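Each chain carries a letter (A, B, C and D) given by its place in the written order, and its residues are counted from 1.
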Amino acid sequence: MNKTKNLNICYIGGGSRNWAWVLMKDLAAEKDLSGTIKLYDIDVEAAEANEKIGNDLMAQHNPGQWKFKAVSDLKEALNGCNFIFLSILPLDFTEMAVDVHLPERHNIYQSVGDTAGPGGMIRALRTIPMYQEIASAVEKYAPNAWVFNYTNPMTICTRTLYKQFPGIKAFGCCHEVFGTQKLLAHAAEDAGLAPKGSIKREDIKTNVAGINHFTWIDKASWRDVDLFPVWDAFVQKYYQDGYDEGGDSNWLNNFFSSMDRVKMDLYKRYGLIAAAGDRHLAEFCPPSWYLSSPEQVKEWKFTLTPVNFRINMREDLKKKSLAYKEGKEKMEISDSGEEGIVLMKSLLGLGDIVTNVNLPNRGQMPGFPLDAVVETNAVFSRDTVNPVAAKAFPQSLHSLTMVHVGIQEGIVEAAFERNLEKAFLVFLNDPQIHKLSINEARALFDEMVEKTVPKKFGYK
Amino acid sequence: MNKTKNLNICYIGGGSRNWAWVLMKDLAAEKDLSGTIKLYDIDVEAAEANEKIGNDLMAQHNPGQWKFKAVSDLKEALNGCNFIFLSILPLDFTEMAVDVHLPERHNIYQSVGDTAGPGGMIRALRTIPMYQEIASAVEKYAPNAWVFNYTNPMTICTRTLYKQFPGIKAFGCCHEVFGTQKLLAHAAEDAGLAPKGSIKREDIKTNVAGINHFTWIDKASWRDVDLFPVWDAFVQKYYQDGYDEGGDSNWLNNFFSSMDRVKMDLYKRYGLIAAAGDRHLAEFCPPSWYLSSPEQVKEWKFTLTPVNFRINMREDLKKKSLAYKEGKEKMEISDSGEEGIVLMKSLLGLGDIVTNVNLPNRGQMPGFPLDAVVETNAVFSRDTVNPVAAKAFPQSLHSLTMVHVGIQEGIVEAAFERNLEKAFLVFLNDPQIHKLSINEARALFDEMVEKTVPKKFGYK
Amino acid sequence: MNKTKNLNICYIGGGSRNWAWVLMKDLAAEKDLSGTIKLYDIDVEAAEANEKIGNDLMAQHNPGQWKFKAVSDLKEALNGCNFIFLSILPLDFTEMAVDVHLPERHNIYQSVGDTAGPGGMIRALRTIPMYQEIASAVEKYAPNAWVFNYTNPMTICTRTLYKQFPGIKAFGCCHEVFGTQKLLAHAAEDAGLAPKGSIKREDIKTNVAGINHFTWIDKASWRDVDLFPVWDAFVQKYYQDGYDEGGDSNWLNNFFSSMDRVKMDLYKRYGLIAAAGDRHLAEFCPPSWYLSSPEQVKEWKFTLTPVNFRINMREDLKKKSLAYKEGKEKMEISDSGEEGIVLMKSLLGLGDIVTNVNLPNRGQMPGFPLDAVVETNAVFSRDTVNPVAAKAFPQSLHSLTMVHVGIQEGIVEAAFERNLEKAFLVFLNDPQIHKLSINEARALFDEMVEKTVPKKFGYK
Amino acid sequence: MNKTKNLNICYIGGGSRNWAWVLMKDLAAEKDLSGTIKLYDIDVEAAEANEKIGNDLMAQHNPGQWKFKAVSDLKEALNGCNFIFLSILPLDFTEMAVDVHLPERHNIYQSVGDTAGPGGMIRALRTIPMYQEIASAVEKYAPNAWVFNYTNPMTICTRTLYKQFPGIKAFGCCHEVFGTQKLLAHAAEDAGLAPKGSIKREDIKTNVAGINHFTWIDKASWRDVDLFPVWDAFVQKYYQDGYDEGGDSNWLNNFFSSMDRVKMDLYKRYGLIAAAGDRHLAEFCPPSWYLSSPEQVKEWKFTLTPVNFRINMREDLKKKSLAYKEGKEKMEISDSGEEGIVLMKSLLGLGDIVTNVNLPNRGQMPGFPLDAVVETNAVFSRDTVNPVAAKAFPQSLHSLTMVHVGIQEGIVEAAFERNLEKAFLVFLNDPQIHKLSINEARALFDEMVEKTVPKKFGYK
């Protein structure tokens, strides 16, 4: 009877050593809820390792509340679920290396390569068929479950879920906005409004609007303070040299870091605060702005994340997994800052929350096509996620964004039809491709597709 | 520097013995804020009485926080304001008596007569020019102030403010939804989910969508409980005889009460919960449903509120005002349940809140025209009110509502042009007018205009 | 090779003694084209009679060009078609008698009863399943054919064709606008601009916008003459007594005639020319305007067409058919004034033409929902029908029309889902139903459905 | 009384030796109409020369019908007009040389430079204030006149007219589509469907959709022949080497010619026929496709039209003008193929015509913003121009076009506000600018503005 106990949760991509571990740690501190997390992964071994790791963690920190179970059959994994987490790597880093690095042959540099640009588009072509399959399985086995998507390309994954199964209750979660909220907290502290480290990210209130990884803030507050003048002063101070968030990690030693110079540059131009990391933001702009060469990237003080780095990181995590599994090492728990569990509790009726998520546009982004997936604030309540309506973008930003909305809509349409000709025409519209002649673009497209999109998906 | 102190508030209609007193009582308990409330009213004497009453009340309950001041000049009243409350009676009860009772000659019965139907439309014709003037004054003297509208016809007043001064920061507040939330709390208690009287209205979470006084709830929760099955059982139990909320006041002795039979009837038909009092809901439906005769009204157990009753009530309040003013009687303070101050605090950055308000449609009501004023949930935050996007209505309800949206848009257009011919064509579209021949409708329209719309407004 | 010879035409409802005969007569004069007309009808005998009659007629007037052939199998009838004519009576006059006359029990009077009002809506419920079947057969057997729909309810039939088979090349033809163009020709002659009878209907140019049987003209010209002042003078002259078109037939002896007083009355109010017969126009308005009683109908000088009259007419036509078939009587040929063949030739590339037709809204009716079927001008060219964009309606007329658009969209949705509850909620929105209490409305709806909608359609 | 005689026509830019002469020659053959053409030009001398030339021409070819009159006062020129022709050079070739050639410093090559790209955008900034002034004068002196715009940037000029005076009756005429229709006639002749030179441009029927100079044809017919297969074969035959239209002029000796290779290339990719000259089409595409270098332009066999060439051409025309004026040379008359007079006659009620023009989008271009100026077919009739609704574009083409629609809307907004910061943000969105870093773009923008946009326009 009690809806918050004995939850039935399915984690697709449950062998993950990233998001799955984050979830585990957060669950280790969660006392209000309880239930079973079914870990489904095509890498069965990894899922089984996580079953062991998770159950050990719970035994230590939160006994009796949560049970992890590796499940190798999708139907069994989904059956009767209340919640589904989606966090998969579409195929492997071999393919991602093609996404990111093959275009470098033409001096097309991608800082991430999983969202926009050639990498993001080609990744979408292989992800969409996989997500169609997932959506159909959800429709069949757990049509009333809430689906949290964490996979990139976020927009395209969420769009596919809804296009394949319009009745799905899904949304896409991304922590990039949180990073900007943290930065605004720093700015407030930097301005002397509060002691360093004292402002919580959750207390920074922002209006969020745009598309994933290219979202914008037109209002930011902390308590009764308007953070726009604060941010403006911050930009004056740090624009030239960039802002170092402190700590051991920075853009020189961490491929995920930056000095926020792109964000500050965009602010100076558009008057709005771009709410994603510089590595993502840069990929949505004409490449001459920030990505024309590795040297220019360095000037802007962010990084081109090599896939090799990801591969090495994974090897380290595999070792760590083994150590955890065999009890040689203990997983440390800590608050991840992620909102997955908070949102789950909200959907269970344990407290409303307003945060940013990715949802089909039903009107919350004026001037953007209906059904395209956009990122705005949303109100979470019991069994409900309602987007908050943003204000219309200024024309120049609307156009800049519409380029990518058009690409996303076009790629999804082409992928649903398994139509490579259509996909190529869309591919041509990405500003990163604009430096290629059509023949070069075609050759690049063909080679990327050949190397990363499995034949079994039936593209023609 | 501190934005929550020394607030500069203007109350237009500040001689009110209704909303103004409610505000006073709520301010008497409010310690976080302080400031001056400038009471502007064309009835200067009433404003001055309220100045005295308000200041006495504060002296007793909340000394040093709030100061009331009658102001007879609109410019002075508005100058430098942070907040503006609008709550006026458009002209007098003489006019309202025409709105409500003249149509009875043709067996057109109106339970309220200030929103839809002939009364609502004609009232709009005289209110719009007054609101144009107010909007222009706000633009001139306090363009950055937040404007709370409480005047009816709510939709048309709010629409006029934005049409006259598009940059205005205004919204319309109405407590009708609160009444339905209270009823849902009763239903939950009635189902044994909690002891009688224990569930707070604020804890009932509802998705709200529609237009003022004809709003609908498609999701209602209390904590982790879905209230739709609860409400469904409640309707089965009480539909036949109606539900008596208890207390001394009921539909037989109080012209503002009802037994919620209309609301339950609409639920049985549309599967959604209409979120306004029966007296308002009935006026949006074809009159054959609930308003064809005083007898039918009785069967449905609600009332036709006579304007005489309002006049008598006012006389009583006038006496009370005198007694308060002269110190012969003491105003009792109590929590009004109104949200005015909560919203003000939210706009000052003292805590976010989600509640229902009236705003121009920028996408929050899919399928309804942009800029038309609609009522949905909205997120209040520092200096921000963002509407929450509702889901599309089912076609039959969409049509039923669009009739009135069309009338509201048409009346506003006609009034801005001071064009009576246009207004009459719109007048013909109200279902309550459908029983009249065109000649009868014209005669009624002409007589109502003649008797209630001052010449100085320049209609032709 | 020559695309205008050996045309393959399918006539569904080919046993008709009305439109089918009109087509025959027009084909008898048509020398540019040739081909076979396959007559399909569930009344096989009637189709066979028409085969004989048509072939006899051609033998006499147009030998060698056209061949008629009764076909009893729908697949065979459609296979390989270039053109398809749809002109059926949805079931029989027994059902139509219920549509038209049962509501009279509640003093709901319908002048036609096949488009709007209870008759039109219930007729739609039984027609939509039939049209879904036809659309699916077209998709299967003749997906590239052009489909001319003549069946009522026009809007709903055309909408169903497109909803069932979105790739269909269909449009709805209606001659009501032609009647108004003739009337404008009369007005021009009446004003002395040309001798009586000299102005051809085709030379009256009009902007057409609206929905079938409730279309409006906002510009009308004859050569270089603006016909609005001409029409205005005409209305001044004839409004009081009505205009008699002359000839033997008038509203007193012909149930299809009127004196155009409704049209003139609407003009006086809206300033636009309603472009359908008074009998149709009246049904879209609140019934108090023109249809509150048979006496009021008489005052407005149009008629309530009894179904009996249609039955008798059919009996006469049956006799005529027998006489034609047996060669006892000869069919007279004459120019029908219909445009079917002209449009066919235009679609074959033999000359462009602009005329009014019914098509899904792709933008030609600003402010109306996309995909709803609307009637506007369209440009016919080889294999092409492109609607001409109308101007936005004034708000009052937009609302009046949207009531019916909402009903049409709602009825189609309900019928596709075979959902009587949904259909009933839509039924309640028709102004003709507004005089009934909900219980009366429900009883009427149920009885009409019971008596006219076959069980086999599977409504629940 | 007769509306076709004594027409009052105003020609703004009446000193033109181009369009004005075309008009003269066409009028020389026009017998149905008569009237006065008031030639207004800031170059008064040129207008006076044209007065003389025109009157001489009429004296010879069409005596008594037409009178030319140079008028130096705008009010006098416009007063009481029935028709207004707008055909001006926004400032002089000095400015145009900056538009076209300054960007070459950054290897930005423009084949025309008056529509899209840096040249088009900067030209717009100085044209919009001039067109605002014209629109206001039309509103004041000739609000009911029909305005024919021939000036580029076409879209932006037409948009400005409507934005400044929403009641204006204006449209933009462009002969680029005619060129494509001629080419289709050639293709039909080339396929042996008719003898060479026998097919008239007017007999090629096309569906036109898009924006000026980037319009597309999705259906093309000649009589009963579908021209798409014909065109397809034509492309197979001529794609490699290009198509030479014959005659003395070709892309090697004429800066306005091309070999249609761009058009054929776009067809191969999009399956639609781009309906403008290659020089224009190329400017809307990413510059890597056709405009990356003068060499690439040569490969595609079109030209970069140097402004010098225009200046020389003008010098020749000035000499010619003098020779005409002094009677030393006689103007030859010939049918220009332009439609100005045909359209004028159509608007006078002398025959309907369907052709392509530029108009605000009221729904004729589904998926494009309302009010943006688009080019589609339109039906011309007495005092009426109604756009014909096009079909929705495929997603990839929609995006490609929306980039420019966004730029056009943004530039107009920025220019109306005289806001250079806004204009620069829009400037950044043009694909031709994408190869520049932001600093380079800013420097280019500033220099172009400095050199071509007069201070008096008040930009900031």
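Simple rule for what comes next: a contact is a pair of C-beta atoms (placed from the backbone, for glycine too) under 8 Å apart; a residue touches a chain by one contact, two chains touch by 3 or more.
In this text, all values refer to a predicted model and were calculated from it rather than measured experimentally.
A.B. asks: Identify the chains adjacent to both subunit B and subunit C in the sense defined at the top.
C.D. replies: Both-contact set = empty.
A.B. asks: Rounded to the nearest whole Å, what is the centre-to-centre distance of subunit A and subunit D, using the mean of the C-alpha atoms as each centre?
C.D. replies: 46
A.B. asks: What whole-Å value do you get for the distance between subunit A and subunit C if each is reduced to the mean of its CA atoms?
C.D. replies: Spacing between the chain centres: roughly 55 Å.
A.B. asks: With chain centres defined as C-alpha means, what is the inter-centre distance between subunit C and subunit D in Å?
C.D. replies: 43
A.B. asks: Which residues belonging to subunit A are in contact with no fewer than two other chains?
C.D. replies: Residues of subunit A never touch two or more of the other chains.
A.B. asks: Based on the touch definition given at the start, go ahead and assign the chain network to line, ring, star, complete or other.
C.D. replies: Basically the chains close up into a ring.
A.B. asks: For a test of understanding, state which residues of subunit C touch subunit B in their complex under the given definition.
C.D. replies: 265, 269-270, 286-289, 292, 367, 369, 394-400, 402-403, 406-407, 409-410, 413, 422, 425-426, 428-429, 431, 433-438
A.B. asks: Which part of subunit A faces subunit B closely enough to touch in the complex?
C.D. replies: 3-4, 205, 207, 219, 221-226, 348-350, 352, 354, 362-366, 370, 377, 379, 381-384, 386-392
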